Every structure is written in structure tokens, then in C-alpha cells.
Amino acid sequence: MIYEELQRQIEQLRALSRNGVDLSEEIARLEAKLAALKRQTATPAPSPAPSPELDDWERVKLARHPKRPYALDYIQALTEDFYELHGDRLYGDDAAVVAGIARFDGQTVVIVGTQKGRDATENVRRNFGMPHPEGYRKALRVMKLGERFGFPILTLIDTPGAYPGVGAEERNIGGALAQNIYELFNLKVPIIATIIGEGGSGGAIALAIGDRVLMLENAIYSVITPEGCAAILFRDASKAPEAARALKLTAPHLLRLGVIDEIVPEPPGGAHLDPEMALCALKSAWQRHLREVLALPVDVLQKQRREKFHKMGLYEEITESSFS
Amino acid sequence: MIYEELQRQIEQLRALSRNGVDLSEEIARLEAKLAALKRQTATPAPSPAPSPELDDWERVKLARHPKRPYALDYIQALTEDFYELHGDRLYGDDAAVVAGIARFDGQTVVIVGTQKGRDATENVRRNFGMPHPEGYRKALRVMKLGERFGFPILTLIDTPGAYPGVGAEERNIGGALAQNIYELFNLKVPIIATIIGEGGSGGAIALAIGDRVLMLENAIYSVITPEGCAAILFRDASKAPEAARALKLTAPHLLRLGVIDEIVPEPPGGAHLDPEMALCALKSAWQRHLREVLALPVDVLQKQRREKFHKMGLYEEITESSFS
Amino acid sequence: MAIFGKKYFKVELERLERKDDETLWMKCKACGELVFKKRVRENNNICPKCGEYFFLTAPERIELLVDPGSFEDISRPIVAADPLQFIDEDGKPYSEKVKKAQEETGLANEIIIGRARIGGYPVILAVMDFRFIGGSMGSVMGEQICQAIQYAVQERAALVLISATGGARMQEGILSLMQMAKTSAARKRLEDAKLPFISIMTYPTTAGVEASIASLGDITLAEKGALIGFTGRRVIKQTIRQELPEDFQTDRFAFEHGIVDNVVKREQLRDELIKILRLFAPLLAHSSAVAGEAHQREAIV
Amino acid sequence: MAIFGKKYFKVELERLERKDDETLWMKCKACGELVFKKRVRENNNICPKCGEYFFLTAPERIELLVDPGSFEDISRPIVAADPLQFIDEDGKPYSEKVKKAQEETGLANEIIIGRARIGGYPVILAVMDFRFIGGSMGSVMGEQICQAIQYAVQERAALVLISATGGARMQEGILSLMQMAKTSAARKRLEDAKLPFISIMTYPTTAGVEASIASLGDITLAEKGALIGFTGRRVIKQTIRQELPEDFQTDRFAFEHGIVDNVVKREQLRDELIKILRLFAPLLAHSSAVAGEAHQREAIV
């Protein structure tokens, strides 16, 4: 078979390498090719089971359901040997963000996520999953640690947004979000971002730049909360359900808009009703996508990541013929 | 002449470049060679005029003299168009550190220094030249900005040390110093550090990693203040003069110990008596050294920078014959 | 819709003067004095009596900064689409809101990009106009900023971004959020090309723009009187249920918290830019004679 | 000076046990109880009655962490020189101070470096001993740390640095300060080789060491009870003339201020290291059978 031949070639190059010739780049390219070949023969992505379309507002409620699996639930169930790291080395630690190293599918990975609390006490500690600048800076520090060792990065997003507080503004929360977005594009390792619950605006996108952006079936991802949108645009916060529909913030809409790559299916009624199933679905999505992105050389990876986001947006060309 | 020939060759390569061939590296190497050649024919470094050796404690007093030129005095006199930048983008600004871009000798450079105040009001604002973490982080931010554009970096050190306070510890002053030292070794542009007054311990070395480390004739550079050393080792702070002598913290000692590259001469009695002369001497030292380091390719520069500091230290080998 | 015909909304500075001619006098909101409009304009839209800063439109801002006659609108001829088919409470579709803004401002979009010289140095300007739906960033702004970056790289010009924005364009939903990513990704091209990016934050620079491209400048200036922050004051007050500090999110606040390099008075912005550009001159395309001259002049002073 | 003969001060862990045999019991400083020395040792030098941590010497620390029989002292055979000809107030030259420390500790220097396995994973250990002139960093420590880094790179082992130090070795003057630079420069070699550097801060980790190599770990752990900071409490108190916060510079303080990744009890340090090393295993030289085994065992649990 062709890829056994390729495998042999790679090993020969490796042997040469040991004799002092630097062939790391050539080897990497061949390995990417090999992986790509293997991928072609692998099973294709499952098309998400078309569960009955829920109303967008219902989905908002599911995304925020207090029994929904949170970041640490996925981390604990899907990875082994998770070792949590703390602190941004600048100012503090932020429990609204969890970050660490783990093994997934036989591979050491870095995982970063926003974390909500399961009860009142934990929610105080985790600030309801709303990070301060130190949370985003911790995340970036740990992702850069992953980059240093060549570990791919998995992010889990579930936050109402960055915390709207005085301290956050004092410590330049806007700058922290901007820095994360910027640096994520430059990281030399694969990144898979997954919106697992609430993807709240700037606080979400600062962890959601990836070579793949996945989204759970009942997760939401939006530029503003439905309540915020209703208050500002409809001058009535109680009109959140309408705003939710107007904002097109659910996974099927976002797939259509080209913002996400894949919907990860949930059990009927939501992930909290059968967490095992949701976990399992995310696991297989991660495995599949990770294998694909790991096969790409770094420069291709970074280029594609940039291009992917560069394409997002919709506008109309004005041509002379537009005016008549 | 050989270097006119070289110059012609470089221009030809440049012309080729404009047609789409990337020859930037080759051009850079040739330019380095050219500069090196020119340097050989240039005037040699002036050996510092052997002014009468002052007592070390006298030098400490000169280094701290309230009329001594401070960082901004050198910046204002020796550079043009200095544009000061502020803030670390993380927490705050720190007036104990000045950082900005300027032109020196026709070349855009980044300048960073610790800054003391000239009177009580300014000293409160500048915290007597004792920076907080945000000062060092601002410095690093601006030096990295210089690196991005290929601007060489000049640092001016004149600080009793990093500020010993609660906030500084809370914001990880030790980590900030460590990070600066580490990153300075990795910067891809030339760095010339100059101790102009007090070089106080960790707070000084965090800005004093350079391809060249220069020191004004009456400046001091020490692991601890004479007062601190006296209090700890001699259990009597008033023995500072003895401690000053014991610590070997003056420029002639440091040159002998291999810690600095050159002593920049001061007028008799100290730089404050004839600032013009001190400024002039530093200018010519900067010019000479800058020309030298700018001629080196980045990899050589970084390697030499590391090796330079790797050699510092003194210990004795134990051999079997040591014991008889 | 006559407006659509005009060279696809290209901004021409010479036409600006005429618009103010309807009345000669205006009343200052701050001090209540009647002031001569033309005098206000000549004074950078600052009240000559009390110093209050009046609002600047994007064309006015451009005029304030560039070398006379050097500006050329190079905006891509695009306008907002309506990806969500968004209809607000008044029953008005987003597309109408956009048209209304176009008619009221005479602009095609919330941002103008143009090629110009400042003190003779080549710059690409990207200037937001707050009048146009709060200067909010939708797909058009994202694309125009990327275009501006591309022009800057092609022409070896500095990028000067002037923000006046409430953040993301909610009516474009998630696609407006994605412009934070799109613009931040493109910013790297300037870095790779060793070209300076100067970000100027004015009143207001908040939310999605502040948390992306506006915070990624090599050098960041706050115009005096700027409002700079991520979350709006009202939302924060609701959340923390406390009074906010007096200077919260002001220019001073941003400076003290290390967010901006300098706070610059409006009337000095142009000079400040020239000072900065001069330092980057060797990296920019050949500057015009004016630059050399200006340079020498000031070097002597 | 008999001590000089012993294989140039190489540390051999097997010999440690005997030293304690002089008396069988000791009094705990914290709870005042009489405790059986052997019991204390078996308990990681923690009081079995009240949990107080007793001081650990470098050899004790090593013994606590490494796989039995795996440790080999690879310290470079060097000892402190006296570059300043430093004489302290008692009229004693620095060289005598060093000799005294050597006699009292049986160590050549304030730091031991060695090759070992922890849970089967290959590590290079660099362990300071506070008894030796406050574990302060002079030219010897700087050089040994650089050596440790070189060994780690050559052998593809993780570097584990255990700090117990008051900072720089004043008596070596500026050369001790330069060790901050020397060690921080060398640290890059681990990064280039993609090898993990785990920094463990114990009581105390301060000043010159804290402000350089100890703060440059990929992962930083504080041992429970650690003291972590740059400037000593006394100096800060003198400067600010205020009482310091209760928890100032404690392990908890370092954790809350984002300075360390985790605070780990002494008795769990070895397991914690194994957990971490396991994640980096693919980057390390082939781990011994023990590692594989240990790994499988724990994976099942």
C-alpha cells in the first residue's frame, strides 16, 4: 500500500536525521501527507442527526440549564490525567477559567475552558463563569505553554461573557480579549474550540479562535445576550425570547452562516438528560478533527485558520448598475 | 577599495530584490561584513582616562548625587524626537520607568530607563526611581515593540532597586524581573545597557542584559546596597562605607571582574560637575558600540549575548590532587 | 436615494465646507454661549469660549489630520447586507436603518478608509463615524479595516485607525462578533511587514472594537475626552450595584491603568502623529518633499 | 578536613540514615511533644503529632522524591572561590565561611544536582540546601544549574529545581547577581529542546533566585508552608512602615496572586511530580519499566 511505502520513507529519513542531518521539516511534511492519506480512507464525519428544530429561546434555556455538563465535566470524562494549572503570573488566579494539561486519545493536549459553578458557593468562586482579565491571561499563558511543547489546544466555551466590573476594566479587559484573539491566530499548534453552553460575546470569542469551531446542538453563541439585545434594541428586557430569535444564535443558524464547522449532537431534550451521550459525541468529534488538524504542517494550519475567519461576514458590493 | 566593491555588490542585490527575489538575508550578511570592515579602519575605543582612583564609598555618594544626570537628561541630550510611551497594557503605568522611541545617530532606537525625580514632588511621582512590576512590564512591552521593527535597544539604569512594597509582591515583582531577564536574552535586536548611576540589584539587572554593558565611571552596580549589606553581614547599617568597599561595586572593579565591557569616563569630581562632558562621552561610546553590534547577524548577536553572561562567575575546580 | 449615485459615496473633503452654511451661529451645549460656527470649525470643533469638544464626523476628523489635498477615499464599494433579516421593535428592518444612516450622513458606511499624507508621511487612514449607527462594527467595517491593512502593506504606509464606536453591530448578530477575529487576524500582516499601526481612541471606543483591533496598536493614543472601555457604564452599574468611580473609563483612567500610551488634545493630534511617523519614516515608502521639509524645520526648532 | 576526601562530596543517599542515630527522640518546636525521630523521618520530616513541617536538607529532599536507588550525584566538582576577598565583621574571610558550611553539612555546595528517576521518568534534579549559607546563589549554584540544564538536554530528562534559598550570595558581590542572568539565559535551552522545567518553591524562595530561574518554570509548585517573594518582610516593613498582611508571601498568597500553579503538601510532592511527568512522557527519553508499570497501574485506578 502507498502509505506503508510512505511510512518506510519517513523512517529512513528519521534514521538519517540521527546522523546529524536536519530533516525535521521534510519528515513533518511527509507525515502530514501520510495522515491526510489515512484520513481519506477513514470514516467521514457523521451528519448531525436532524433532531426536531427547537425554538431558539428554548435552546437558550437549554444552553443555560443548571444541570448541563460544564467544562470540567467534559475534561474529567474525556481526558486522562488532567493537571490543572493556575495563575497568570501577573496579578492573580481566576476560577472562572480552568486551564491545564491532559491526555486525550493518547495525545498530550492543553485544555482551557470557562467554568460555571454547580451551586451557589461554587458560583461565587467561579463568578458564574464570567472571567476577569487574569482568567484570559492565564488561559493565554497555558496555551503558550502548550505551543512550546507542541501540544494541540482544546478550548471549551461556556460563559455569559467577560465580567462587567470595575476591576476588570481597570485591568484592561478589552485589551486582554484582544490580545488573546490576536495570539490565538499566531499559535503554532492546532486549536479546536467548542462552544458547549453559552458563548457570550467578546468573552467567548477570546477563547474560540480555532482551526475548528465546534458547537453543541443546544449551545448558543452570540454577540450579545438576548436580554441585552432586547433592552437596547427593543427597549424592553422581557422581549428576550424575540431577541433570541432575531439574533440567530443557535448552532443550526451559525452553521448556515459559516461561523462554526460542525454541530455536535445532543440527546433529545438536551445534554443534561443524557450526559454520557453528549460526552461521547464530543469525544468522537474531537478525535476526528484532531487527527485532521494534526496532519497539517504548521504554516498551512495558520494560513487556513486566518483564512477561515477572514471569510466571515456578509456585505453587498455596490456596482454602477446598483443605481439607476 | 574593497568596501566600495562590497557596497556595489549590495546595491546590485537590492536591485535584484526589487524584482521579487528574496535576498534580504544575503544583503544583511554583506552589510554586516561591510560594517565590520569599516570598523577595523575606524578609530579604536578610547581607553578611559585614568582619573585618580576615588574611594569606593565616595563613588557611591557620587552615583547617588542629587544633581547627577538622570536617564531623561541623557535621552533629551543625546537623542532626537524622543517619543515616550506609557503603560504595560495590563495594570498601569509606572513613572519610575521611562520608555520610548527616539532617533540616535540617525537611527531609530528604543530607549528604556529607570528615572529618579529631581525634587520631592517628582520623586514621589517617580517613586525615587524604584519601579513596580508594571514598570518592568512596560519596559518589556516597549522593548518588544522595538524588536518588532528591528530598532536597537538602549537601556539606562539608575535605580536603588525594585520597590520593596506589598503591591509589588502581590503583582509578582520577582516574576516580572525574571521574565525581563529571560526575554532580553531572546530579543532579536542589539541591546546596549548602561549603568549611569545606581545599579541596584535585581531591579537593575532586569534592564541590564545587553550585548554591551557600559558603566559610567562613578556609577555603582551591586547585588545589595552597602547599607543593606552592612545591616545583614556586619549587623550595623552605619558600616555602609566598609560594606561599599567590600562589595567591589564600582566600575573599575566590575571591569576587572568581567561584568562590564567599558567604563564611560566622567569629568573629574563627577558627571554633575560637567554634564556636557559626561553626555558627550556616553554618546561616543554608544555610537561606537552600536555600530559594532548592528553589524552582527541576529543569531551571532544572540549567541554572543548568552555566552557573555554564561562566562560570568568564579569558582574553583576540585581535583583529586586538591586533597592530600 | 439620489445620494447613491455620487461616486459610490466617496468622501471628498472639499465638499464638506458647504454643509454647515445653513446657519451661521450655534449654541454651545456646555457653556450656553452663542458661537460662530465657522470659528468652531476652524478650532477643530472645539468651543472657542469654553473648550468643550464637539463631535467630529469622520470626514471632519480626516480633514483635521491630513496634509491638505492629500486625501483619497479608497473604501471598498460595499455596503451592509442583512444576514439575519433583522427587524427591530419599530418593525423596521436593518436594511432601512442602514439606508437612513446613509442618507443622514452622506456616507456609505460607518467607516471610511483612505490614502493620505500626514506631515508628508504616507498613511492609510481608517476612520469611524459615530453618527452611522453608533459607529458599530459589522461585516463592512471588518472588511474595510482588512482592506486598509492590505493597502498599508502594499504601499508601505502606516495604518492609522481612529475609533468612534459603541462596539459590535448587534443587527448583524454573530457575524459582527466575528469581525473582532477577522480584523485581529489581519493585523499580523502589518507586524510581518514591519509597518506601524497607530490606534487612536476617541469618544467612545468600547466593546467589540475596543476588545479587538483598537487595542492592538503599536502605539495607542486617547484623544482628550475619550471614553475607553469594554463594558458600558450602565451595564456595570447594574451588575455591581454601586456607584462608579468619577473618572471611570475616561482618557485619564485609561492612561493611569496602562491602557493607552498618551492622551492627546484634539488640536495636537496631527502634530503628535507627525512626531510618531517621523520615527518610523525609514520603514515607510518614500515620504514626500513636505515630510523632509517639515522634518528639517522641526529638527531646527 | 577529612570530609574533602569523600568522592569530592558526592551525595550518597544510603549513608543518610546513619546520621540521625545519635538520639532517638526529638521535641517538636511547634507542639512541644516528644516524637520518635525515625517516625518523623518516615513521615517526610513532618511532626506526626501536629503536622508541623521540619526542615529538609537537600539529601533528605532528594530521598523523598526519587525512585529508590535511582539517584546519582552529577554535581560538577567545583567549590566557591572568593572573588572579592570578602571579609565579614567577625573578621572571617568568605572562604572560611564556606569551609565551615561544608563541614557542617557534609556538602560541597549549596546545591546538589543529580540524575534520577521519579516514577520511572528521567529527571535531572537541582536541589538547594538552606543550611549551606542560606542556600544562597553564588557562582557555583549558577554553574551547577547550567550544568543541570545541559544534562537534561543531553539525556532528554525533565529538569526539577527545588529552591530553598535566601537569594543571592552577597559575599560574591556582583558575580552572584550575574548568576540570575546566567541561569535565565541557559533556561532557553530547555525550551528549545521541548523539555519540561518544573520549579518547586519551598520555605524560603526569595530574592535573586525567586527573581530569576525559580520563576521561569513551565510549571511552578509551592510546597505547603513555602515562603515566596522578592523582598524580605523586614525590609518591606521598614519601607512602608505598616503591618504586613497576615498571609503575606505565604504559599496561599503566591497561589492567590497567580504566582504558582499549585500548592502541594510535602507528602504529595512525589506523586504530583509523577502526575506532571506523565504528561510530558513522550518528550522524555525512554522511561524505565517502572514508569510504564506505574502508569498503567494508575490509569486503571
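Think of it as A, B, C and D in the order they're written, each chain with its own count starting at 1.
Keep this in mind: contacts are C-beta pairs under 8 Å (C-beta built on N, C-alpha and C of every residue); 3 or more make two chains touch, one makes a residue touch a chain.
Computed from a prediction, not measured in an experiment: that's the story for all the values here.
Counted as hops between touching chains, the shortest connection from chain C to chain D is 2.
A centroid comparison over C-alpha atoms places A as the chain most distant from chain B.
When the interfaces A-C and B-C are ranked by C-beta pairs in contact, the top one is A-C.
Annotation: 43 Å between the Cα-based centres of chain A and chain B.
Chain A and chain C, compared by their mean Cα positions, are separated by 32 Å. Distance from the chain A centre to the chain D centre is 39 Å, each centre being the mean of its Cα atoms. Annotation for chain B: residues 89-91, 170-172, 175, 179 touch two or more other chains. Under the contact definition stated at the top, the residues of chain D that touch 2 or more other chains are 215, 257-259. Arrangement of the chains shown, judged by which pairs touch: an irregular graph that fits none of the line, ring, star or complete shapes. Each chain pair that touches appears in this list: A-B, A-C, A-D, B-C, B-D. Chain A contributes residues 89-91, 133, 137, 170-172, 175, 179 to its touches with chain B in the complex. The residues of chain D lying in touch with chain B in their complex are 1, 4-5, 8-9, 77-81, 83-84, 86-89, 108, 138-140, 142-143, 146, 168, 170-182, 184-188, 206-208, 210-216, 228-231, 235-236, 239-240, 242, 244-245, 248-249, 253, 257-259. On the side of chain D, the complex with chain A involves touching residues 191, 194, 196, 215, 218-219, 255-262, 275-276, 278-280, 282-283, 299.
Residues 80-81, 83-93, 101-103, 108, 134, 138, 145, 148-150 of chain B are the ones touching chain C in the complex.
Looking at the complex, you find that chain A touches chain C at residues 162-166, 168-175, 177-179, 181-182, 185-186, 201-202, 205-206, 209, 221-224, 228-229, 232-236, 239, 246-249, 253-254, 257, 259, 305-306, 309-310, 312-319, 322-323.
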